[in-house]
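The data blocks that follow each hold one structure.
Two complexes are shown next, each including chain A; its partner changes from chain B in the first to chain C in the second.
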Partner chain A sequence: MTTADVAPGDLRSRVGTDRVHGSLYTDPAIYALELERIWYTTWVYVGHTSEIPQPNDYVRKDIGPQQVVMTRDKAGGIHVLHNRCAHRGNLVCDAEQGNSSSFRCPYHGWTFANTGELLGFPFNQGYGGARARERLSGLGAAPRVESYRGFVFASLAAEGPTLREHLGAAADRIDQLVRLSPVGEVELTAGWVRHEVTANWKMLVENETDGYHPQFVHSSIFSISGSGIGALYSDKSTAVTRALGGGHSENDLSPEFRRLGVPMGWAGTPESKIPEYTAAMRAAYGAENGDEIMINGSPHVMIFPNLFIAEIQLFVLQPLAVDRTVQHVTAIQFAGAPDLNRRLVTQCVGSVGPAGMLLADDAEMYERNQRGVAQRRPEWLDLSRGLHRERTDEHGFTIGTATDETSMRAMWEHYLTLMDPS
Partner chain B sequence: MVASEFAAVSVSLDSRGNGTRLRLEDLRSGAVRYLDALELESIVWAPEHWVRELLDPSRHRWRDADPGPSVESMRETDPGDAGT
Partner chain C sequence: MTAVATSIALAEAEAFLYREARLADAWELEAWEALWTDDAVYHVPVDAGHDPRTHMSIIFDNRNRIATRIKQLQTGKRHSQRPPSRLCRSVSNVELLDPEGTDTVVTSVVQILESRDRGLTWWVGRVTHRLRRVDGQVRMAAKTVVLVDSDHALPSMSFLV
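Our next item is the complex of A and B:
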């Protein structure tokens, strides 16, 4: 199948306001079109500056099935390079990370600076001498790379909205996260777990802010851990599901945390366990502001199409095929907060580590869902939950209750603007 | 040892002579080079483009004509240590 198999207009007929067609999760032609129009066009989260802190650091990352290398050059500039030699296309970098001002391809020795520039090649008389550098290619580079608060995004399209335009209100949620550090910086240095599921990537995007499933799927972890979070995902809760625009969405539990009024209550961590952290926060932001930040908590936001910040952990989604998706998961670490960070790592090992319950619960649902939508009848998935009670909040965002499918409807609306821009 | 996925060089101090010098060994080929204090100082002050030019594989190593000056100069310094 090719992308030509998806006729214009086809997609619009498969996405309604209150339902979507099952083929959107299973059709390889639609997936191929998504790679072109979403993953290789829009801003995609690649990595964090804390992963390449020193000049000449590099780390291997992905944009969907594309392998890229995120580098910091000697002057501090950040580049996102395709891992493909300009000679005959061999992979250039193999290590997950390293420090090098240049990369030498193992096949015939072509050598590139970490900016992508071609530095030279062995036996250059075969090309008429060193001057051939000027006509030969360097490594392919993402035409646009920008970062926000240390979060590095790339777009493989030369033109389009700026990163700030793309993030819109989701940028405030990154601010909300970063503010939880007394020095205003997060560090993604706790290491990554790579977890692959046999499911379409949109199953994951939709699930991240689906507040309808936690009471069912995660009831065991909520009961074992004595967490009060489960109860917040109910119709009685003052928490809301909010469409932030641009396909981004959040479960905003902060009204409940404010009602509770306890610093770090959202994390279930009593102040007595993290005295250095709470002191540092009050010293950095002032007693009142510091408390407010610690009461309000961390965001639960899905930044379309691949960055999910889930309070204390961060997920990066990577589609590999129409029915294969990798989640890269790490514990968020806050600069200047060693006592808090130790607790966060422990909590994340329990929730999303290799034996983590939260991740295992969700993964099971993704895979069942993927097999389920391949069945023939009924052809549609229902998206109508809470449509009748959607409201507009004081900032103009569409909101629903904690369990409503407001975020999914907004995701699909944005999906159409990218997939069928006509 | 200073190593990456692209190269591995062992670094040590050599004090068999009347002064200390740095001994660098390319572990993949066995080639060795010594650098004395003044040579090292000069490298510290060399412009960035000088290092970039050295990184061109055709510059001194994989050349079409002569084998390149670097191997010969190493032999002059210490024949016993030259690459095999």
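Our next item is the complex of A and C:
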């Protein structure tokens, strides 16, 4: 199918203020259009600078189904290159990561610098000599690559809003995360678990800041672990769901954490277990500020379309087909916090991935949703929860209660601006 | 007792592995849990070369977390196991490796066919058991399952592997 199969105006008729049409999750033509207008246009999170700390480091990443290589050149510049030889289209980079100033295609030996520039092509008389470099292509490169506090994003469109414009208020949430390091840096060095679900990518995006589901989907673990997470997403919770603009949204749990008033209470980690970390935080930010940062905790924010920071773990969403999505997940590590970091790995591994005590059940919901939404009636998915009680907070953001669908409605509003800009 | 007196012979190790496999397939959760020692470690790595304390794993459970995993399944609300996967696994290529202290180390290959609504999933991996005799019974102090595709995206795997 081609994008021409989606007629102008089709999308607007399928997204209402309080409902969306089921075909948005199942129609391959819409998925094809999403790749063009969202994934290959807007800013997409690619990787973190801590994954390529040294000159000439590289790591393979993806932008939806597109395989890319994120490189750091010898001068420190970061590039996002398509993994495709300019000669016959072969994959030029095999290794998951490494250190090299160039990539050599195994097929006919063409070599490319880690900036994408074509360096050489064997037996070059066949091209009329080395000067043919001027007319031959280098590796395809993302025309725009920018990073914010170490988080590298790429846009495959040459023009558009800047990364800062795209992130908007979501940048503050990255700041909130990074402040939890006594030296102000996040490191993604714990490796990745990859978890595939048979579901449309938007099922995942919507679930990430859906505060309505935890009490039901995760009751099995909340009931036996004595976890306080369930209560954060109850009718009585003072937490809020906030639309941050640009399709980004968060479950702001900090009102509950402030009520608790305990440094690191948000992580369920008593201070006595991580004395070095809490001391380093107070030394870095001062006793009062340090405590405030440790009380407020880490964000729970979905940065549209593919970066989900969930307090202690970071997910990257990768659509592969209309009904196939991979979640790449790692434990967030804070520079200067080794005692905390080990606990975060242990906690994260218990929760996420194919066997995770939380995520395996989320995945089950995504897959059941995908099967259910293919049924013919009633065609629409309801998005009305909390619409009547939405309000505007002191910063001008639309907020709902902890369990309201404010985040989903805002995601779909932004979705339309990208998919049907007319 | 000496290490020799407590060691476990191949035939006894094989019998233990088959029993463990049968209990896991049959969802005999309490009997399966009772096979572990108090200091048990249950590990399904992404990359067996990495330290699981600093790197992501698919499963890295100490004895407490094994108990939590079993309790979660017993709530009847572990959605990814409602209904439970239908399982049949085959254990083969069993060999004794060099012991670790007084523990017997056994390597084997496991192939598991899992049936769910999503379809059939074929799980294959190299397994290492560290076995120990406790009060006359063979118990497992550690089990590591290195899936052949652990570095790729995997579907949910919420049964006892």
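Keep this in mind: the second predicted complex is superposed on the first by the 420 of 422 C-alpha atoms of A that agree within 3 Å, B and C clash if a C-alpha of one lies under 4 Å from a C-alpha of the other, contacts with A are read in each partner's own complex, and residues count from 1 in each chain.
The rule we apply is simple: a residue touches a chain if its C-beta (ideal position, glycine included) is under 8 Å from a C-beta of that chain, and two chains touch if they have at least 3 such contacts.
If you're wondering where the values come from, they're calculated on a predicted model, not measured in any experiment.
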Fit-or-clash call for chain B and chain C when the two complexes are aligned on chain A: fit
Angle at the Cα centre of chain A, taken between the Cα centres of chain B and chain C once the superposition is applied, in steps of 10 degrees: 80
Touched partner set for A:Gly350, first chain B, second chain C, both or neither: second
A:Thr417 touches, of chain B and chain C: first, second, both or neither? neither
Touched partner set for A:Asn289, first chain B, second chain C, both or neither: neither
If touched residues of chain A are counted for chain B and for chain C, the larger one: C
Touched partner set for A:Thr111, first chain B, second chain C, both or neither: first
Which of chain B and chain C A:Thr162 touches, first, second, both or neither: neither
Which of chain B and chain C A:Asn99 touches, first, second, both or neither: first
Partner chain(s) touched by A:Ser384 [first = chain B, second = chain C, both, neither]: neither
Minimal inter-chain CA distance - chain C and chain B, angstrom: 18
Partner chain A, residues of chain C touching it in the complex: 44, 46-47, 50, 52-61, 65, 68-69, 71-72, 75-80, 82, 117-118, 151-158, 161
Residues of chain A touching chain B in the complex: 74, 93-95, 98-104, 109-111, 113, 119-126, 130
Sites on chain B touched by chain A in the complex: 4-7, 48, 51-52, 55-59, 61-65
In the complex, chain A residues that touch chain C: 96, 190-198, 217, 219-221, 223-225, 326, 329-331, 341-342, 345-346, 348-350, 353-355, 357, 360-361, 363-365, 367, 371
